[in-house]
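Below are structures written as structure tokens.
Two complexes, one shared chain (chain A), two partners (chain B, chain C).
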Partner chain A sequence: MKQEIRICGFGGQGVVLAGHVLGKAAAAYDGLTAILTQSYGPEARGGAARTEVVISDRSIGYPRIVSADVLVAMSQEAFHKFREDIREHGIVIVDPDLVIDHQVERKTYRVPATRIAEELGNKITANVVMVGALTSITEVVTRDAMMQSVLETVPARFKDLNRRALEAGFRAGEEARSVEATLALTGE
Partner chain B sequence: MDTNLVRQVLGQKVQFIHGDMACVYGALLAGCNFFAGYPITPATEVAEGMSELLPKLGGRYIQMEDEIASMGAIIGASWTGAKAMTSTSGPGFSLMQENIGYAVMSEAPCVIVNVQRSGPSTGQPTLPAQGDMMQARWGTHGDHEIIMLYPYSVQEALEMTITAFNLAEKYRTPVLLFIDAELGHMQEKVVIPEDDEFEVCYRQTVTVSKEEYQAFRPGNNAHPDRLVPEFAPFGSGYRTYVTGLTHNEAGLPRTNSPEIHDRMIRRLCEKILANRADMTFFKESYADDCDIALVAYGITARACEDAVAEARERGIKVGMLRLITIWPFPEDLIQQWARKVRLMVVPEMNLGQMIHPIREAVAGQCRVVPLNKIGGEVHTPGEILEGMVRAIEREREREPAAA
Partner chain C sequence: MKQEIRICGFGGQGVVLAGHVLGKAAAAYDGLTAILTQSYGPEARGGAARTEVVISDRSIGYPRIVSADVLVAMSQEAFHKFREDIREHGIVIVDPDLVIDHQVERKTYRVPATRIAEELGNKITANVVMVGALTSITEVVTRDAMMQSVLETVPARFKDLNRRALEAGFRAGEEARSVEATLALTGE
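So, the complex of A and B:
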């Protein structure tokens, strides 16, 4: 098993942190091997940010991803930049409110992570909602491992908020899955 | 320093951290209690981690005005008995060169982390390159030996930082710990070792009275044959004079004596060269079943591992030698490999640096082919494999099989 996951958006959305909790869930709590690499623009905020996580049940040599099994896009610019580089059987997960044009010939899941986070009271947790959805859509890590990873990573006073965000993300992922399955059945 | 307290400050035993932070963890486990530095991409996180964690352990962190001063500060700290470290990248490493020589000459144990980025000058600040290999060896002027270690994973960065401190202490010399920009910012699992899983060394403390003490007399009362002098820190009441000038065993400048200079410099070199076995680290794969060798180091070696696996599946008999110790150069090891393979391929993220000492050691016993890449991207496994296959084909054209 080897999964190459690219999470992208604009700087300040917590894209690298999203990759960090994903890699940590896999490596520290699920007994898998994981590597995270990152790149970002010179800006403190804004600009295109991306993080790439390779997860495998074996050791990983070359640390970068070759092409993505999963693309998670949280900004239009990032989506346009990276949509070409997805494996044939790869999937795309987008925040449809931020990535309005998400036309791509890959199985696509729509997770309104930012809206969900806002409803929970803080849009800063959109990244955590998104990794929750990623977890239930791909099952690349277990929900338990992801929960542990998130709770170990965030400061104590934000634990409750992030727990709720992650749980909402798990549910949003399930919903996105069933919507995708229905669309596939109706041939859309 | 109490390693249980260190472990408490570091937190969970299994973590997912980047290479820069692994250097911080390794340093603290090794007992580092002084850090002076100046932030620079991609090494800033080493300083950042130190600034956060070192004070919690009673250590001192100083942000200096530049890298020249940083190097000066750790040498001074070292002479008070501290285990001292700095970290930098290309441009800062250039600035440190003169004082690295001062640390060699004054036998001040210290560790310098260089997170290699692309140069010359400010180059590509955020991108990896391996252009400082020869600067590490000869960046400071004059005859000298230097120890340099080059880990290739986050776990190994932690472990080799501990080793760097141990070698610095044992041999009273600056030790260079290199990681690639790619590794510095790459996150991976790390397991913090227990006390019985690693060694922590300290410099030989003074064994003689204040009257007898000579700061640069090699050996000590227990081991008179040692090449490394015993150590009394500044402020201990032992008279110590430290200079970068050629000095006698009391540390006093003696700049006109050919004999003193010759004896001193040869001893400084020999204390390292005579102990190569203690400081030569490497990893081999398919060493006894190959006729082609990949010789690599740092992050490049990770792509090589994938390339070797793919090549073996295709029936290419390739083995791999990964150098962890770069200096002193493990020439015996290269010679052993040269005797068993017909071709050595040397991928480097520069236009050819380590290939020179490799060729010198090989001395014509097999062909040595460079596989260079610059621009800020790590070789892909595919590029290594392709380059190797091309080299094999050229080799065949050159020496058609005797039919």
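So, the complex of A and C:
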């Protein structure tokens, strides 16, 4: 079992933190191995930010994500930049309010993470909503592991907000799965 | 210009933070591009921890550090694990109090970062002493960029301690350079 996950968006959305909690959930709580790659440079200063996480049940050599199993896109620019790099059986998860144009020849899940986070009181947690959705859509890590990882990572005073964000993300992922399944059945 | 730097040690030494301030110095303050790779998993839980930073003056594709230009080793175990993966013209920087056995067929610089950090009052800053030494030995980033990066990264109340640690690291790197040059001249 090896899953390569690319999370991308714009600077300030917490894309690297999202990758970090995912890697930590896998390694510290699910007994897997994870490697995270993050970029600095022009990309990391406002443009399209990205992080890649490779998760495996065995030791990982050197990561080289050229094509991903899962692409999570939180901005239109990042989506356009990375849309090509998805495996044939890979999936796409987008925030449809930020990635308006997201037609691809891949299984696509729509998770309005930023709107959900705003409804919970702080759109800064959109990244946590998104990793919650990623968790329930892909099951690459367990929900328990992800919850522990998030709560271990965020400052004490934000724990409650982030717990609610993650739970909302789990539910949003389930909804996105059932919508995707319905669209697949009706041939859309 | 492309430099691949591996920093390794044991968990808790701040190896990933060292990589992060290096990547940030390069990208945010020296106008270069940097990619950092970090591992989670058994390695990240106490054993040999490592992080890799690729720094370039142009865009970097996908990082795959198999052999490094610079190996910084802060533990004996990490040194043994990664000593083979150094380019022919690569260099090694070790903390000689922690890496007692460090003979390699490469240019080797000895920086007693942990002892220096202890003398400054807190051995937790050994990683910052080490990136300071790395900076003056390799000049892969400028000292100004590294100072800004460190001060931007550490909490406000630790700024002064870390400023002193970094300056001590710059000096320790200069000393290690002159010792290495002398040994080379005398053929040792």
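Note that the second predicted complex is superposed on the first by the 182 of 188 C-alpha atoms of A that agree within 3 Å, B and C clash if a C-alpha of one lies under 4 Å from a C-alpha of the other, contacts with A are read in each partner's own complex, and residues count from 1 in each chain.
By definition in this document, contacts are C-beta pairs under 8 Å (C-beta built on N, C-alpha and C of every residue); 3 or more make two chains touch, one makes a residue touch a chain.
Just so we're clear, the structure is a prediction, and the values are computed from it rather than from any experiment.
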| item | value |
| --- | --- |
| Fit or clash between chain C and chain B when superposed on chain A | clash |
| Partner chain in contact with A:Val104 - chain B first, chain C second, else both or neither | neither |
| Chain B versus chain C as contact partner of A:Val66, first or second or both or neither | both |
| Which superposed partner A:Ala27 touches (first chain B, second chain C, both, neither) | both |
| Touching partner for A:Ile86 - first (chain B), second (chain C), both, neither | neither |
| First, second, both or neither for A:Leu36, with chain B first and chain C second | both |
| Partner chain in contact with A:Glu152 - chain B first, chain C second, else both or neither | first |
| Common interface positions of chain A, toward chain B and toward chain C | 23-24, 27-28, 33-39, 60, 62-64, 66 |
| Chain A - residues contacting chain B, complex | 19-20, 23-24, 27-28, 33-39, 60-64, 66, 149, 152 |
| For the chain B and chain A complex, residues of the former touching the latter | 12, 14-16, 126, 182, 185-189, 299, 302-306, 309, 378, 380-381 |
| Chain C - residues contacting chain A, complex | 23-24, 26-28, 32-42, 44-45, 59-60, 62-66 |
